[in-house]
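Labels run A, B, C and D following the written order; every chain starts at residue 1.
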Amino acid sequence: MIKRIAVLTTGGDAPGMNPAIRAVVRYGLANKIEVMGVFRGWWGLINEELKVLEHRSVSGIISQGGTILKTARCPEFETKEGQERAFNTVKKFAIDGLVVIGGNGSFTAAHLFGAKYNVPCVGIAASIDNDINGIDYTIGADTAINTALAAIDNIRDTATSMERIFVVEVMGRKCGFIALAVALAGGCEEVFIPEKPFDLEEACHNIVHGNLAGKISWIIVVAEGAGHAEDIAKKITEMTSLETRSVTLGHIQRGGRPTAFSRDIALNLGKAAVDCLLKGEKDKAFGIVNGHVASVDFATAIKKKEFNLEGIYSLIKTLT
Amino acid sequence: MIKRIAVLTTGGDAPGMNPAIRAVVRYGLANKIEVMGVFRGWWGLINEELKVLEHRSVSGIISQGGTILKTARCPEFETKEGQERAFNTVKKFAIDGLVVIGGNGSFTAAHLFGAKYNVPCVGIAASIDNDINGIDYTIGADTAINTALAAIDNIRDTATSMERIFVVEVMGRKCGFIALAVALAGGCEEVFIPEKPFDLEEACHNIVHGNLAGKISWIIVVAEGAGHAEDIAKKITEMTSLETRSVTLGHIQRGGRPTAFSRDIALNLGKAAVDCLLKGEKDKAFGIVNGHVASVDFATAIKKKEFNLEGIYSLIKTLT
Amino acid sequence: MIKRIAVLTTGGDAPGMNPAIRAVVRYGLANKIEVMGVFRGWWGLINEELKVLEHRSVSGIISQGGTILKTARCPEFETKEGQERAFNTVKKFAIDGLVVIGGNGSFTAAHLFGAKYNVPCVGIAASIDNDINGIDYTIGADTAINTALAAIDNIRDTATSMERIFVVEVMGRKCGFIALAVALAGGCEEVFIPEKPFDLEEACHNIVHGNLAGKISWIIVVAEGAGHAEDIAKKITEMTSLETRSVTLGHIQRGGRPTAFSRDIALNLGKAAVDCLLKGEKDKAFGIVNGHVASVDFATAIKKKEFNLEGIYSLIKTLT
Amino acid sequence: MIKRIAVLTTGGDAPGMNPAIRAVVRYGLANKIEVMGVFRGWWGLINEELKVLEHRSVSGIISQGGTILKTARCPEFETKEGQERAFNTVKKFAIDGLVVIGGNGSFTAAHLFGAKYNVPCVGIAASIDNDINGIDYTIGADTAINTALAAIDNIRDTATSMERIFVVEVMGRKCGFIALAVALAGGCEEVFIPEKPFDLEEACHNIVHGNLAGKISWIIVVAEGAGHAEDIAKKITEMTSLETRSVTLGHIQRGGRPTAFSRDIALNLGKAAVDCLLKGEKDKAFGIVNGHVASVDFATAIKKKEFNLEGIYSLIKTLT
């Protein structure tokens, strides 16, 4: 029977991690289990940096970006020694299950650690890149998309007023989800993503063609994994002789007050993760699938994300 | 074969109506059909207030709240004479199909008008109340929820600083969806909705009990259909002797820049509605169901919304 | 010589109080004085609810609305017994000076208490009403104005889309400053403030006149001290037969992330208040006058605010 | 006597230019003069791209970033031929005065053009850099500062959660005003501006020193004219071995809904500029000085801005 669990956040922080922590703690307490918070992800497990979280430990965090448990990279956890030390902490504190809030890397580590030491691990999908296979929406993606969209709306003012071309780089190392969502919602003219080869020459041809027809401003969204805004802007200037500017949104997309959606799914996923451990299940990640809370096995979640990008890409191009 | 369609917005405006109009117009044009915009909903159809919308007619509206086609109540459309005049406009302008962006009332009217005069009508679910049966998400709901949440976050600052009880009235005449979503995301202590009887005495008992235990602030969300914030606040003051304030968010929830989600679904639903007419289908409303674009028959959509509110209500209470 | 001071926040909370506390604490520490934080305003002084604030006690609060020191009404401080107890706390903790962050009521109390018990008191003007005499800008006013303006912008979407008249009630019990600033920035058609009698009949005449000329939407801003939005809306409907809606923004204007201006002036005023005590001065309130940090005697600050409202009122009417 | 004036926006767009245009048009009309809008700045004057603006031409623009008149660089206006053509337009359309909304470059051009051809020119200070000499606040600065601050607040979430150093580049080629305002309001630890030599080695020393004392995150603001965030971040990593990230906010600071302050001053300055021409005055720029509308001669305005940066810099360092 589960008496005590621990929760940790690993990988890049995502807005909504705090509401997820809140749900794990309070739903755990409501189910008569104790919840410990581990600081700085796996590092805290290795170094015994953890403490019991009370009902009030998570007061007021629902509206805050980032994570009160902090997060860190932890190469040591990839070593046998690191893992042993982490397992010792699990034993020492009689932790019956681990809730890991994070992304692909976090789930890979949890999958291996859980199997090797027979520690029930369950994941909550939190990643602004929305890049977890089998899961439609992760915690943080909606917030990041809205932050990027606000930036695009701002840039549109200048693009229209100064009649310029802008290349805007958004998050997404291996996954173009955010770029597509932002390009669609921003009414952007073009989008470059890692999953789809793009033809800059054709894009430039379209720009010149449109320019002759009187079109005066463009916003081209590029996922960071598909290229660098600065480089692409330079090439467009070279190819078209039209003034082109670049903006790299970077880390502003990572923080901020979580949106209602990022919070609501975080709270639901936190509950689901605790329920999973209570039922004696493990080795799976929770996220939103087809509009509802669902889980996928860690083994599936950590594969390269597959999703239907053609529909949205085609819609972007049609509506321009 | 469809050559020309018309689009109109009716009922209360919702953020995302403009992106929906954009999609109907541009997706229509991309499919070689002409799109006319009707002004002020059914009134414009009766009074021949409509015009052809070009590609550029919808430039720059993607980020704007409200509706460029305007909207209005139209009691005249409930009369036979009004309907005849509207049908005459449909004939005169050789309109092969109508895209109706709106809510329950709009769909009821479209359902009847379409059947009576054999005019293919298709609906796009747009309503900040998210009260359309068979549809999980309407255009505008996500924006309204985030607007209400920002207000709740602001109020939380004062509730905490001044240690007070607040009753906050949000949209939702017959449907508690928004109230539940906001109460959950806002970490609110209680929520009153039209679908569920509530016991104010019990709520007051909880407040007094919590107060004795050191809890110092409450936010109680009430859907407008469940009661008035002002009245409830007065009763709480009477019953508990604790200072209680009320805020009625009202129309601020109706406008504003649409969120990414409200825009993205609006664009997808606009495409789907046009596709529906192109395929020769009709008499159905499009919305988001299980995370994807889907349709329900008008006859279903206009029934009282059924949705599982117990799960979310129970989560709100558990996490408080 | 000043060795230890205390800081408290009283009256209604205002966004920027936290940055002001941060400045008082850190600027104090930088000047080798100890700073105690008193909880719940005068109540905390009476009840010995105070503690030493360290450098890190104020970490991360710069971006938060409300006040970490909390605030409360305190009728007991109006009694001799309450004042004696407060003075005992001052003596017991060897407090050499008090920084009072608040508005008129707070300064009145500080003025009397300081004189009666010879306790050096200095004020920092914080009030979303911006109603302190002799001071152009208080902490919080800019944030409240921007919050109200965002609401007005939202309402404008609906006013335009549905072609309606809106009456929007904003903060300002005795002072129309916020109403004027918001009405000007919101492009509102009319504004009613406590300092200036208004003629509702004339306003209705203008509305009907404009309506006949094709003007379709109005937003009328009313300061809470000049009347209630609901009542005014009803009267306009009666007089004009045009549909009129009301919105009372209420407490959403009180909280929220402080704007850059509210923070920057809070930080500067915090420093100025500590400098004042260090110089052995007292009995004055600090605020922004003519664009810069300045002080006015408490005796002046607590009088009814005088400011030139005709210029801005006339500009609003001219630009409509 | 003035019968017709023209208004144009030049240089980089700034949020609030639209409200300024609104004020010039409507205040002009209220004073019985006709107002023409010139498109794309000086280019429009050279190429006769201008039209009469009516009362409704400026409806709804008060809340929009950018400029409906568009703006452009115009090297041709630096040539004699360009100026002659512009003057011909002035004569042809019987323009009695020019209102130039822009920054230093715009005022330099207006100063020369006005003197050479005896065309009364008056300027309205609009620049997100707030870099106009003799003027405390330009249109757009407050909005840009708040946009940058929102970004900094977001970044703070990650800086704290991941315990990292961030270097954030904000606007300000020759002027550190925005950087200072943002760094102060954001609670940033360091700021580098063009007006003040900075010692990166010393900054790194402070970081390492703080790091040893347990301080875990830093945000360093750098004005674009003082260095590039990316380069500085690299050097800090080299010198301290601590992970440092850079973000360049870029053009997101240029657009967006103008804040209440940016709108209110724009409207007041628009009125003042028209009044100036009506009084037969010219060759001066209007802005906010000491909290009020004021003017400085173009000759003064176009000098390098002098302002007291020591006070604010010292406050930033003291409060860290």
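Simple rule for what comes next: a contact is a pair of C-beta atoms (placed from the backbone, for glycine too) under 8 Å apart; a residue touches a chain by one contact, two chains touch by 3 or more.
The model shown is predicted, which means the values in this text are computed figures rather than measured ones.
Novice: Following contacts chain by chain, what is the lowest number of steps it takes to reach subunit D starting at subunit B?
Specialist: Each step joins two touching chains, and the minimum needed here is 2.
Novice: If you take the mean of the Cα atoms for each chain, which one ends up farthest from subunit A?
Specialist: C
Novice: Rounded to the nearest whole Å, what is the centre-to-centre distance of subunit A and subunit C, using the mean of the C-alpha atoms as each centre?
Specialist: 39
Novice: Once you find the CA centre of subunit A and the CA centre of subunit D, what distance in Å lies between them?
Specialist: 35
Novice: Taking the mean of the C-alpha atoms as each chain's centre, how many Å separate subunit A from subunit B?
Specialist: 28
Novice: Would you pick out the residues of subunit A that each touch at least 2 other chains?
Specialist: Residues 153, 156, 160 of subunit A touch two or more partner chains.
Novice: Determine which chains touch and list them pairwise.
Specialist: So, checking each combination of chains, I get A-B, A-D, B-C, C-D as the touching pairs.
Novice: Quick one: in the complex, what on subunit A touches subunit D?
Specialist: The contact residues of subunit A facing subunit D are 9, 12-13, 15, 17, 40, 64-67, 70-72, 147, 150-151, 153-158, 160-163, 166, 245-256.
Novice: Contact residues on subunit C for subunit D in the complex?
Specialist: So the residues of subunit C touching subunit D come out as 19, 22-23, 26-27, 30, 60, 62-63, 136-137, 142, 145-146, 149, 153, 156, 160, 181-182, 184-187, 257, 259-261, 263-264, 267-268, 271, 288-292, 315, 318-320.
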